[in-house]
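Below: one structure in structure tokens.
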Amino acid sequence: MSFNTFGQLFRVTTWGESHGPAIGAVVDGCPPGIELSEADIQPYLDKRRPGQSRFTTQRQEPDQVRILSGIYEGKTTGTPISLMIENTDQRSKDYANITARYRPGHADVAYDMKYGHRDPRGGGRSSARETAMRVAAGAIARKVLGPDVVIRGAMVAMGAHKIDRTRWDWGQVDENPFFCPDALTATEWEAELDAIRKAGSSIGAVLEVVVEGVKPGLGAPLYSKLDADIAAALMSINAVKAVEIGDGFDAAALRGEENADEMRMKEGKVEFLSNHAGGILGGIATGQPIIARFAVKPTSSILIPKRSISADGEEVEVMTKGRHDPCVGIRAVPVGEAMLACVLTDHLLRHRGQTGR
Amino acid sequence: MSFNTFGQLFRVTTWGESHGPAIGAVVDGCPPGIELSEADIQPYLDKRRPGQSRFTTQRQEPDQVRILSGIYEGKTTGTPISLMIENTDQRSKDYANITARYRPGHADVAYDMKYGHRDPRGGGRSSARETAMRVAAGAIARKVLGPDVVIRGAMVAMGAHKIDRTRWDWGQVDENPFFCPDALTATEWEAELDAIRKAGSSIGAVLEVVVEGVKPGLGAPLYSKLDADIAAALMSINAVKAVEIGDGFDAAALRGEENADEMRMKEGKVEFLSNHAGGILGGIATGQPIIARFAVKPTSSILIPKRSISADGEEVEVMTKGRHDPCVGIRAVPVGEAMLACVLTDHLLRHRGQTGR
Amino acid sequence: MSFNTFGQLFRVTTWGESHGPAIGAVVDGCPPGIELSEADIQPYLDKRRPGQSRFTTQRQEPDQVRILSGIYEGKTTGTPISLMIENTDQRSKDYANITARYRPGHADVAYDMKYGHRDPRGGGRSSARETAMRVAAGAIARKVLGPDVVIRGAMVAMGAHKIDRTRWDWGQVDENPFFCPDALTATEWEAELDAIRKAGSSIGAVLEVVVEGVKPGLGAPLYSKLDADIAAALMSINAVKAVEIGDGFDAAALRGEENADEMRMKEGKVEFLSNHAGGILGGIATGQPIIARFAVKPTSSILIPKRSISADGEEVEVMTKGRHDPCVGIRAVPVGEAMLACVLTDHLLRHRGQTGR
Amino acid sequence: MSFNTFGQLFRVTTWGESHGPAIGAVVDGCPPGIELSEADIQPYLDKRRPGQSRFTTQRQEPDQVRILSGIYEGKTTGTPISLMIENTDQRSKDYANITARYRPGHADVAYDMKYGHRDPRGGGRSSARETAMRVAAGAIARKVLGPDVVIRGAMVAMGAHKIDRTRWDWGQVDENPFFCPDALTATEWEAELDAIRKAGSSIGAVLEVVVEGVKPGLGAPLYSKLDADIAAALMSINAVKAVEIGDGFDAAALRGEENADEMRMKEGKVEFLSNHAGGILGGIATGQPIIARFAVKPTSSILIPKRSISADGEEVEVMTKGRHDPCVGIRAVPVGEAMLACVLTDHLLRHRGQTGR
């Protein structure tokens, strides 16, 4: 992955700042002959779109994506697909008072350390707004993977409050504003997040993405391990601080005999009796569901004043009045799904290239 | 990262199987004029080398590295540095009875799914033996980074048993066979691991790498985030299932005001009052210590029989009699350090290229 | 170079079809803090723009470039610069009768062989229209290189008719419609090309780009040789069939003692007494002017009927009635200059990264 | 292509200096299950090997290649293939008197400009010795391409003396020391080169590589054009100054109707009636023979004294007494073939990845 591009054969390059005229992406390497229109992409963008509940930023962006190239008569041509979303509701004035003051926990100070010159409006390039293009690219990736590959994400913890996994029901995920698979917990989160929002604070979250139907053999040793690429893809999302595959950190606590996913034969195929590995061994997919979890820190844009400095080196207090997400992790669910879709598509093309299968 | 190469300007390509004639690496892009000899690399290899205590595999490999190119009169020339270690103690017969039987939890079944043809001796390419070359490359990276960048690793949990961080003492790390910074815990681990080893079992671990002295500004948006590259680098190590930066998963449980690392000025420079971020904001180094943790699962090569299948699809029981690590996480400490060194060097060269600083 | 991206640290990704809604490019890796606006780019686009004389296609495109990201308060921020030109004059109906018939010598048959599905309007992705974005990217590259690096191109042969190099005058290049440095030859070409144009035919050309002020040491062994990257960059331009550096093919006819560029010292620096090498030795710039020449074949879109086949495998005759360039090589001059600018910028950043100079 | 690696899915990384202990390559991405042993590679190395006639350097290198990884039971495993050749006859003393004096026309001065520190023995990294590893990698690439793809090279001009193409006979190529397909010209070259050799001089050459049996559709727009990648690959060979595809520079002299390769149908397939294009249109293979030519300059290591400078900036005269090739172009024939094999293999894997065909 290099600067603003990820993938090797299925390559996604994104561009754009939060308050510039538009954001966009170029998806290069998409196979030809795939039916694709804006209608395939829009539903995923709508899922990520801000302003859908009181728990996400009230910025109103219709986020209508346009395809500018790479499609002819409704099908991909194999040439680059250019995607663009115009920014419409960029109330930069909301940010006027913070341009010169770094928000503690936010990337703006680091951008200045690196570049010395930065678009401060709404976080500029470091804004979570960029993730809209990941979601759009992910929608194209899903078309390449086909309907047999099912990618679903969920929020599994808000703050320290985890879901009860015994109540997991994928059917619930679209029934609450949290993509929560546990209806009861969702209700409790609602009250908790209301309190956090009213306090001008924010809270972190843990998200989980599960992928079923992955072809065994995808992935590759050693530095292109499927899990290494997934880790990079998820860690590249704004505010993500941790990634795990399968049992993840809990695997460290296991004995060898507990962690081993035993195998039997079933109808001529390998059947695993458990899935501690999260569907990946040695960086290669085994055909079991791929399970990835990631942690999103709380938004740094809060109403509670914190000590900071200005770009001029003055000691100041900072609080952010813009419209923000009290739990930015919520909107990371479709983003995480999209990243998995992109990584798997890239690996599919590379695997097919190397092995001819 | 692509197949067996990682890095973009500081590029490391490794090759070799556990029981082939040799293993090696090509380090391309190393700056010219740096003093380098085998003596700079060997100490790090010795730290990773098996057979040093009863807690690591009893395979005896002197692991003497040879530099075959890229050096003239004791200094790097800017051309590729070829490194090679000959394999000497490859008792393949130990593995004779497992060639056709997949170890549950091991990559061998996945390699067969991908390639259909595989060197089974000692894990072949998927063996942890490959990590010796990462350590060698990391030693070169340290020379590029210079003495002001201090990279240190430690084991912070064996199984569910964590160290007491209040007793953290870097001076202890080389005084026990676990790279444990907490002398008391190290003693307790000794007894525990003896029991595990005698039971023919194995156990996972959590490792932590801390890097001090990193130049603020290293790293890059958005898909080359420093933390994204670190996550990929650590996840690409054998048996690693999870990675976190700074507070990692714990950050998900925090409120925005708790997670924010406040800033003051000190002697004309930014001083952070805490380090929840682990030294990285928006994918860019802030100058604070970089803190990365990763989880290693227990070795799958154990003496306890588990249900599995053979390459022919026969249902079998598998136990592994070869010489193995009861806690393979121990030897992952120098490997993790090396991966951080390589990632930081790559970012240093790219940063210098883009910004001229 | 991969699919639609070239460069490693200074990366240019282009997208768009001749008759789609727009064409564009994303320039990633541009250093921060460089003053840049559309006004820096437009003059180069105007130079390449069609419809400026009777010797280039009569398609009227204002080719107004817009910068959509990566700039704040008139300066680059180090984040991706998105460029877009809307297509306005896409008379697709001109092409209606050729959609299903392959033009002999044109890429359309090859695209169908590869992708099976293709945008046929005006050549789609294979149209020379894409080169506008190369020119735009090249304008940015020139800003990075700074004013001391002077990149100039010229047409040195039209068909078999070469210029007289003893009359070379850079001042003439903008005084005739051919970018010809030899005023007398330009006059003769005018008459010749009029005749070709009226005959509904087309003609090839040879172009030369000279770069002065290149920092010695840019370039790199062995597969990133400066001349290897230049060769790829020029050969990737539409209709280019040959590339040479310095004496090029003529070097094959020389004796060792004739080809050797002797050296003396002048004011403490190396002075070369000749420049057979074209400024590059072993893939590395010597500080002498870099000289690259490339050949452009005649446009395949001509009014003279030729035997061909249709997409359905029917044997047909094809003649192309659209507006085309009788000598497409003319407009390749600014494109060649731009490619050199991009390659040199990429090497500048990589060199700076590796050597710190 | 980056530094010392070329290719994207079929990746070749080379290392080693002329007078170091060994040279080598790592071939990564080779498909699994291909029968491969040293015996598949050695014949190509023998063809390139020095000391086979009085027209190539008298350095005696057995050039015995060893495969150190990536093969199990005689077949590739899909993991990196490490190749090594030990240097045995490195009479460095021959070069003792030139270490500090730059040979005019040689890369050594440029390496010092870039790196400031360089292995001067026998050209170090810039020595043509490196091309042995390209030939070895090319032999592996041929195995991937399979027997239907026939890659053959020939020398078509020595100095200004071209072959008579009407006498072209592939059967002659291995019957003379020049890989010359025209027996009569070969005899004349013999006398001419004897004279050059005795005069302590050297001479350039033009080589041609023809590839038959290439799958239509290989290649890709726009910066991965098959011809762009071929141009880079050939230009990256030592001493190459020019590359052309099909009619190359001669295409510039043609009219559109002359250059157009007309098409008819033959047995349900496209048949081209000529091959001005050299088998590539729009960067994509058409199924016709791919024809590439390249020019090699005369060796700069000659016995004739030339004015130069020393590394200390002293003005000196230089003549080179080492064993050198009077026409280094001869040995470039197998190298050119190998580069074509590698480029085509890389494109085959990428094409298969993207299109599934």
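Chains here go by letter, A, B, C and D, matching the order in which they are written, and residues are numbered from 1 within each.
Criterion: a contact is a pair of C-beta atoms (placed from the backbone, for glycine too) under 8 Å apart; a residue touches a chain by one contact, two chains touch by 3 or more.
Keep in mind the model is a prediction, meaning the values are calculated, not measured.
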Copy-to-copy rotation for chain C and chain D - C-alpha atoms, rounded to a multiple of 5°: 180
Chain of greatest Cα-centre distance to chain C: B
Whole-Å separation of chain centres (CA-atom averages), chain A against chain B: 26
For chain B paired with chain C, centre-to-centre distance based on mean C-alpha positions, whole Å: 46
Rounded Å distance between chain A and chain C, as computed from the means of their C-alpha atoms: 39
For chain A, residues that touch 2 or more chains besides their own: 2-5, 8, 14, 29, 32, 78-79, 114-115, 125, 221, 351, 355
Residues of chain B defined as touching chain A within the complex: 1-6, 8, 14, 102-111, 113-115, 125-126, 130, 157, 159-160, 196, 201-206, 216-225, 227-236, 238, 241-265, 268, 270, 273, 276-278, 280-287, 295-302, 304, 306-309, 313-315, 329, 351, 355
Complex interface listing, chain C residues touching chain B: 8-9, 29, 31-32, 78-79, 221, 349-356
Touching residues on chain A, where the partner in the complex is chain C: 2-5, 8, 11, 13-17, 20-24, 26, 28-29, 32-33, 66, 68-70, 72, 75-82, 114-120, 124-125
